[in-house]
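One structure, pasted below without further comment.
Lettered A, B, C, D, E and F in written order, each chain numbered from 1.
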């Protein structure tokens, strides 16, 4: 098993119970998540030693976040304390025709986005791990966040560690004209990366690559090999998600490696909590890739991990490797007793 | 935007959590609703100034009801205090094959149904509003309720305000032989009304009008124009609801106006809380009718409002006009972030 | 051990959680109680075979009430079903300076107070029991309730069973001039009774007996023996309660029997739930009296039972005889493990 | 109506709320169930007088279990107290692809499985009832449990009561090689039984009977008549269950009697709580069989009872006979008001 | 009765249930408060027409805040929508030796502190009210908040309305050297004010006035008349609070008016929720002052209002005038039924 | 700071909410504790690196326990997985006169008490730590538990680590004649120990040492020096606890070292959750002793830690060193904001 650090902000998720709106309810359940947290947690359950590289305020909220990270089995040696705030988002679960609603507090003022760390920190982290995971959401924050992200990626690369980058482009964070603003930062990360999560949209819109493909699959087959070649990326993976009318989603995952695409059989499943399931797919791919598993197994395993993540409350995948392996063979669950 | 009063009883809804029966559970969630409350709340969210005309006891339960009316944005200047009791109903949510169960306490002893108000009250309310909403459920109560309802409707009419009447015939309230007992009261209200909610059943059974129509749609097309003509009603609207086996309902709404029927495309949607959704449809029609919207837009808007109301806990519609407009274009909701 | 029926209404208690008001909260815990329920439950836990003689509606609320009676170990063979409503009261717990608040729904319309039972019912109940318990609250209801109460008491007496009567005068139920209205009914019950719960106030105000006693204790010592003599009552018991400023109450109980008063040492204890604790005292006395225990032990046991009842949530005493015996020797509780 | 005792262990069910895992949650709902409890509760609601024959520890947990048995309307006169522990299982509800998970505590150390009862107990129980119900789960426990089970069955048989036996083979309880170990005990019970619940798997695997049937239905038609003949069993019934992908189950029940099979129309329904629904089917058959209902009505009634049991939280069926009769004619439930 | 606007920020209070810390719990109750909200709510319950002058974001959190303001009976016509965030604080309730802990999010980025309003707004508000309430907490925010506060106070003064100012100096908001920074702003507000809440500490520390008084009472008697004279203030009021070891607080209130001090008898009471009780005292004084009540009655009424506010969950006083009047005569509460 | 392992069983605590009994409630909160867990958690919060040496079943309950250990900051590298069960206890919180009630499941069948570990495990643990903590509760289990405990203590001692032993004699675990059975095991542990927690009762009853002391303090002063000398123990500490009538406890701690007793000023405080507070005292002493703090500071610090532990829900102390230091100077807590 490997040792992996995930770099990213810890977000406090505050959600109304059931399907109540904030105006109806008077209580909230809270937990702590974020792409880095999700990936580190999932990989920890797959047997890896994981760390989060992040910054939390030195108050009760930071203490609570740290406690949950430990509970998830994530190493906290590289979480620094300082600054004053933690990023938060409020989640109102939709039902049927009514969409879920996310309302953010000010992320840019969070400890993660405002407190500079010593350059030595990045070296120490890079020393301790075989691979590090980064996410495009951090690129959308501010110069400090971007700069720290690149420092750590560079340090890892320099020491021979693997750099994993999930494009994860969020339009609302970049605003209008965001693709142009984002492009140079994305290119820098792609140059450093060994394993990348993206699909044809990232290539078309952020990297501005043209494609004559007739549909998204054709565009994917056209563009992903170009990206791999241009930036010297060892493996690229991603998914196409389709939201169906009957509370199910369909997920079709792929992995491109050594010039070949492998596709998972599209999987359709009931959805209990959608947030964070993309991170489960990524974690499945990372796990299989770090172990050198067969690429077809990798996409199937990652797809099952993603499907399971939709059945668990909270952003953070909780399935063990054994759980995922069992789910690979199952179509519906009864009772295990 | 207009100023509208809804006349009707405030009911306390007490429901067991989840799908528990009263014998299983030990706790209840409570809220305050009623057709008038629901319509006033919905119209308030569509931007109108709304009032409830009702009576509540001067005790803790009445205080709690009043606080919730205010929370919903409903004006309480025309809610009088007096009497001793508030009407209540207990709701046990069914699941699949098991139906939901409603158990009432004694409504006839409620403040609304026992406390006479000064005649001047009705004039003051009529002075303050452009339109008033009435509901057939009140007709099923007792002589006091019926008499007060007609006084207010007459006062509104006299001052040039619009009278809106929802037939809402509840067989369990009228008992056996109820249609005959109800007919004269319904006819009085139809004479006063400018906008009426009903369908072919009300014409056939309550008004005793014959129809040779082969099915309910043919009967609707046959009878509604006759009703409009007989009573001089400007517009008539209603829905056909179908309960499907897979926890979805299908709603087909219509609006008859100036000699023409408009039908909404039948809408099928998952149901979270069925109670009060008919009031959402009515509110959508009232909103569009008061603004003079295109009739086809009116039925589509009202259908979307009703569909959304099925996705929200509680009797009372909470969607804003913007929410409904967005739902007009959607078939399933993911996350908005 | 004996077989005892308690005659009385089952009330649904609906209470806001913690110290919230009805305007603040949105949920209620509910349970079913009443003096008869409380006494039958307490005696059942002391080892007696108990029954409730009452009437419940044949709906979900009645089913839930019946299920709780069974849970409490109360025989339901003499509970008839019929009528439409169950009496209810809403309880908002006070804190410190802020008093608890009780709001009733219409009790007079309840099944218990509106559904006549066959005369044969009373004979069947009287056949089955050694003693029956009655309460002054029922006397305050209506003619039907009073008449049924007296029929049962008479039938029990005729068969040689013991009649127990708790005066339990509630001013709010009788209204102004209530003592005069109540007196003849109270006298009828006292004539039938073998064991009575009352204190000097009942004698002074309801029975209109004068006393020259300087304080309540002197009045008690003066009047209770007169009452016993006048009505031929075997034993009379009662308490003086004092509400202290620091969330404790002080209870001083007495038992008058065979010309002699016995007083319990006044007991001061923290109060968690005050409702129904008087019924626990009565149950302790009844238990000891039916067994022929020493009168001093009876008042001490009853006082400990009452003190324990203040430490348990809900109206209904839950302590077993063993629990009470242990509490007789204790001043504060730590952990039993 | 009849008088029936069910012999079996009371289990404490502890379940996390919603779909949370034990690692995510911090709270549990608990209730008390078991095959005997479920069957006795269901039959009590169908109007029979029922008893549980079992043993509970004399502590707070035993008190709580006993209170719930009473609440369910089950007679507790034959529940003895003793031993130290109650069997427990923890239930984590699955969602979609993720199966539900049951984790047991040590059942073999429970009061039921460790405390011997007087031989006279079995005679007293047999005297009091028309029929007794037994379950294969008890056979899987230990020699004491098996011996007591057979003593009671023999006593009932001797007095002319009916013996009902549900094969209910649980592989995890018998372990590897379990069928061979179980066979002699099953044969003993089948010799005593008048009504048996089983399907072709029990005949094939436990009783080791060969069949040339091409599918499970053919095997059922081949083997069940042989079993009935071999052991002299009056009636045999059972179900085939199919877990579908969309959170519905399909149940196909049969009843073999007097040389003829009757099959219920396969019923497909949404599942809210799956545990204990098999006991509802059995209870429906027992009810109809004890009353001498038409066999086709029996399987239809039992199937509807089982379907309803899937819509109620908890292991224990709560539907009254009237509820089941109404469900026989229904395909989906709306609101009853 | 009067019409009063309170100017101030709406804060979202998020608190862990019971006495749990943020690390222990996973859920939060939330409500919306703030000095302005508290004062407006209390005065609304005393019969006045009240408004909040504030700014809320146009998102789900702002909607929920607005709904609660309406529920409290506060007019929302002067609440503008805009900006992105709402101020929040997390509250962990202490127990005994362990203090309560408040953790803030970034208030300075809130809608209230970042969105400028049209100058015309202040004029419109001033036109509509007889008095306006301001609080020193707003002075501690930023230039925008201070400037808007002074604009509104000036506009109210200019139109002959009353200006009420609560000094409410919070050391943590001003930081080190805060008194000096605060002084000019406080002086500006005192110049405008007709009724001021403060005690000797404000005079000594913020206004830098020397006193030879031997203790806080002597200092109060020395300094308050000087402040009144210097700034031309009609009335000054305040309290001394003492936190006792046994979960009680003692409050001693005063009112200085027309050259005379009136003191309330120090009141000691159990504390359920301490936050916001100072605002209840202020509201009591304002109510009595606006009505022209006797000053001694004013301090007694205000003290009882404050004592009651400690017995209610949440920051916001909920007692009606009748509740306070009853509490004036009470020392401990039993049940009102 | 030091590295410390605590050896002991992880218990699952299941408690009814509020003050409900198991018969009243239907839900339980659960957590995982035990003396070892409590001490390791407290020391982790004081800045030490801590480990638990224990065994947990490899199922969902074991996973949940492990997750909570991690959350508490306890190293889990020395927790082995195996066996089938986790020890449990049910807690019903008493109120006032009604004591709390603890009901255990079968601890002897737990993984900790049934699964042997490799001898190498003890060496590895001993290698990793500066000190190890043991508790008399484990001595009361069975031969396997005792043997493993002594193996680890011996290994730690051999490597020069410190052995800490808390006598913690539980009469209910040892049964009648327990002191005699326990004595040899206690003596073995005392021989190995450097720091011991006990008081005069342990010396008198378990070790059978006579004392002529007139009261417990005199006996303590007489016996503790003898124990220290006899067994060559560097330091001995303990407390006297007194349960007061008003929900407060009084704790008087001592530390005997280098021939001198130091006593903390007796501390009286309100109690929210009593379980585990003794472990907080021990942890305070261990912390100060490992750091070489002044003995008087040690007893004061430990007493404050114990007092704080009574104010937090759950068995496990959560106070940081800073929290304890602040509490040293405080007598009652208000709000920190």
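Throughout what follows, a contact is a pair of C-beta atoms (placed from the backbone, for glycine too) under 8 Å apart; a residue touches a chain by one contact, two chains touch by 3 or more.
The structure displayed is predicted, hence computed values, not measured ones.
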Mutual neighbours - chains that touch subunit A and subunit D alike: B, F
Chain whose average C-alpha position is farthest from subunit B's own: F
Matching chain pair for A-D (criterion: over half of the contact pairs shared, by residue number), options C-D, B-E or A-B: A-B
Interface with more contacting C-beta pairs, comparing B-D to B-E: B-D
Type of subunit C:subunit D copy interface by residue overlap (half), same or different: same
Centre-to-centre distance between subunit F and subunit E (centres being mean Cα positions), rounded to whole Å: 47
Approximate Å spacing (C-alpha centroids) for the pair subunit A, subunit E: 45
Centre-to-centre distance between subunit F and subunit A (centres being mean Cα positions), rounded to whole Å: 42
Where subunit F touches two or more other chains at once, by residue number: 21, 23, 26, 67, 71, 101
Graph class of chain-chain contacts, one of line, ring, star, complete, other: other
Inter-chain touch pairs (all): A-B, A-D, A-E, A-F, B-C, B-D, B-E, C-D, C-E, C-F, D-F, E-F
Subunit E partner contacts - residues on subunit A that touch it in the complex: 14, 21-23, 26-31, 59-61, 63-64, 67, 84-85, 88, 90, 92, 101, 103, 105-106, 109
Contacting residues of subunit E [partner subunit C, same complex]: 71, 269-272, 307-308, 310-314, 318, 323, 327, 330-337
Residues of subunit B that touch subunit E when the two form their complex: 67-68, 70-73
Residue ranges of subunit E touching subunit F (in the complex, touch as defined): 18-21, 23-24, 89, 94-102, 104, 170, 172, 243-247, 274-275
